[in-house]
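Some structures to go through are shown next.
Two complexes, one shared chain (subunit A), two partners (subunit B, subunit C).
Our next item is the complex of A and B:
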């Protein structure tokens, strides 16, 4: 009786929950809706008419393509850098003991806890102090700071589950360091790296704040969208691009979610 | 006779902890060598020095005449059966066993065949498709053994491989290991803290305490003639006779050991030594009674056949033993 009662939420709570979800997700639907509107200057509701012409217009605009290509390039390189450095860092922290280990572990995680604006200002002043011109590579560097954290966090949890004797067993059986990494470590942390990499990619792909401080003349896709909103010209094109961004970032996050879930089941079953 | 493993004054200190302290060993090719000692006495560290996971802080190690210092584990013809088996959870049993051949670049078919032969050798044919998580403790232990043996090592290191098994399986595995070692002719270095296991299986035993070898010898030697009080106590609980008792018996040594089963609860026959005392306690052990006799305040354990009646506690008794069963000891 009691348990049944506590499992049933009161109607008011259900309505509140529904309202909360609606508040979070209806605006996204509105973005999708205005990608099809015939009115190009303002967001008039309801839309006077529906059309798919903006997809064609967006397709033909070279600035969209340039921004998209830049974003994909930045996210790919930042993620690749983060995968290498984050994995190495996780390996060092979890498999060895050395002086200052806990401190370093904290310092690695710090960039994601720090507000993006702090990271941005810090990097900007550091770049200008070192006389490094703002370029594609400064954006990548800025993004790598938080991408590393995501990869590191995913990898370190998995590394902790690989017992040290597995690595020793591999070496004992004749595998050198590289073979041990390839045949023992990678299969055990692979899904964690994939998940971390996807999250890192998604984070980098829609990053605005750090990018604003570290970019030169280039605009990544999110920056391009901000600029589009300021000067109204073919507004629905922005919505079309927004739809693409949602799809591009949502799919990897969904993938990461399923991958880590499966990984946990595999690790649990093998114990 | 070739020396398989040589330790020359080898030490491994971790800060102030002397895990291994000035150890000298020479293990012969084809020998079944046991390292016996209580927890924390440095047995595992010795094995890790042989396998190459630790470097000595002092002394010199040779494996088949070649200097071992600085040679990484993957370049030593030594394989280990780990205390926790350390099977790869993401690989099938067959792939686990074939791992060593795979990293050496053997062909797929050759690997499969060798791994299946090895599994058959440890009496697990047809278990190849299972994951380690789907095997029992004893089966995992055999897989770990097969995985090491498939590489045809010159020396096999076994770190308490039977520790997790129940008594029945343990005895069965002891026999299987022993006959496997005989038929393959591989040098076995076997770590255990079970003295019965060491005595029954090994050609020679090294008794460790606090990082040092207390005694090294054949099982009968270590059992019958313990050199130190620690060995006397740890290997089959010998009696240690004090200086006073030694003098009374006319033995020219500070201390002497005497095995409980060498003592009879009877008046001496010709030539035997004897001591008078009182019965202080008794317990039934199955085949024997363990009787404790108080001789002027010293407690001496006697293993008396269960068929013999034991006098009541407090009654006077004479214990007797042959002079040759009394072994002088180096120190207490």
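Our next item is the complex of A and C:
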């Protein structure tokens, strides 16, 4: 190791890094301030006064609750589907070698590598060609498609760390394939699946681009937000909802981080 | 002898589960098919199926009089795509994506560099979460936050006013191209929000690439007389480049396809995403919308191919 000097960051680097982090966080903090403003008609800064009355107003709005309930339902079912499909795919890719492996991992990543609008419009035109009416299930279909990759990434990273000898030992001791899965593999990949599931939930809960194409008249919470952004009706209520969304999305991210922090690859490192 | 043989070759398992398990063990290809079947069917039918159906439609055209789709193979839609207004949209979007990517790299690099080289222990966790939380927080909320920031009565105007620099802001807004009536309806606003929303995707790949640079390489460079600037230019930067390219895949692709940010914060001039949205929605011209989506697919295909050659995928 060299002298102390090389271990201290130059001042310019410190300033640049701190400024970058501030740039990333200040706008989000501003949302917290605006949730308490007394100003109704504009985005005036600094707020003329502070109040908590908008929390009550937002609480009494049935459209917010309906959108929230739909979002939670869609995210739950999409996450469950993605957990099953993503785990199956990860198991096949990591435990076996076969022709076309690379192609399959590319196929899994494609729904988030291509811009969301392409996935959205492709699904929409496919639904209209097949005469499938827009419903709750068309939203879920779209969400599950891009949630698979999040679960897959987490599961594949964990599968790589399970040594094959564990599975062989279980088989040698007389367990059948299902018992090996239940008592050896599942406890090993459990936290990775939970983390992947949380991230998939967060991704689905927040998704708007694909949803605008696959939802009919129903609005999920992001769609509700988008409508408020384009045609504001009651700005303070939007402020409150935005703040609550920030708080709610932080929880699964922190949870996923704590579940996988000891691993070689931490969940969510790539969205 | 027979006793030993019997205990080595186990009897068949009983029950459906047992028999199934034995069957899979003897036929690993069947097991593979069972594992891969459901996800491949899902992605193959739902995703690739719709994608191909969409691309196919770009070879159809729309009848100008009836407004119905004419199901005959034609390149007319692509000719329409290359008209002057549409080319204008494509060039505008690609330029924006390129500038956003460059500036994102400039902002992300110091953060990633500090986190990779200097942050230890508690600070490392803090940096990590400090990047993760904005990265994962709601896309619309982030845009909404900027609507608050950039509004005419908002914090930016207030800040310039307090510093008595309002003339500077007005002078900037009076400029052609980047200016406008207020920040929230100008290219400057669109650009800042694009950078804000997509820049976090850049940090973690760069950080991963920098963490893999062995510190003795840096020491060797300075032992051989390299100044810090030379070490950066000839040692660190080339080794970090795959990480930057990996991160740029996200910023570039996401900017290319976005239609919500320019719709909410920006001028009335369209980006590719908005054009696709307008063509499939109000105009009802699915073939042209499909042809428009081919543009980002082709550009991203080229981009990914280039990135792969530069080794960016190992940095992901």
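Heads up, the rule we're going with is that the second predicted complex is superposed on the first by the 249 of 271 C-alpha atoms of A that agree within 3 Å, B and C clash if a C-alpha of one lies under 4 Å from a C-alpha of the other, contacts with A are read in each partner's own complex, and residues count from 1 in each chain.
Everything below uses one rule, namely that contacts are C-beta pairs under 8 Å (C-beta built on N, C-alpha and C of every residue); 3 or more make two chains touch, one makes a residue touch a chain.
Keep in mind the model is a prediction, meaning the values are calculated, not measured.
Legend: residue contacts after superposition of the two complexes on their common chain; A:233 is shown touching neither subunit B nor subunit C.
Of the two partners subunit B and subunit C, more subunit A residues are in touch with C.
In the superposition on chain A, A:176 contacts both subunit B and subunit C.
After overlaying the two complexes on the shared chain, residue contacts for A:184 are found with subunit B alone; subunit C is out of touch.
Of the two partner chains, subunit C is the only one touched by A:107; subunit B is not. In the superposition on chain A, A:163 makes contact with subunit B only, while subunit C stays out of contact range.
Applying the stated contact rule after C-alpha superposition, one finds that A:97 touches neither subunit B nor subunit C. Overlap of the subunit B and subunit C contact sets on subunit A: residues 171, 174, 176, 266, 269-271. Those residues of subunit A that touch subunit C in the shared complex are 2, 6-9, 13-14, 16-17, 20-21, 23-25, 27-28, 30-31, 34, 42-46, 84-86, 88-89, 91-92, 96, 98, 104, 107-108, 110-111, 113-119, 121-126, 129, 141, 144-145, 148, 171, 174, 176-178, 199, 202, 206, 208-209, 222, 225-226, 229-230, 238, 242, 245-246, 249-250, 253-254, 257, 266, 268-271. Listed in rising order, the residues of subunit A touching subunit B in the complex are 163, 165-166, 168-176, 179, 183-184, 187-188, 266-267, 269-271.
Residues of subunit C that touch subunit A in their complex: 10, 13, 17-18, 20-22, 24-25, 28, 31-32, 35-36, 38-40, 42-44, 46-51, 53-54, 57, 107-108, 110-111, 113-115, 117-118, 127-149, 151, 153-155, 157-158, 196, 199-201, 204-205, 208, 219, 249-250, 253-254, 256-260, 263-264, 273, 276-277, 280, 286, 289-290, 293, 296-297, 300, 304, 316. Across the interface of their complex, subunit A is touched by residues 51-53, 72-74, 78-80, 82, 84, 86-90, 99-100, 102-104, 131-133, 147-148, 151 of subunit B.
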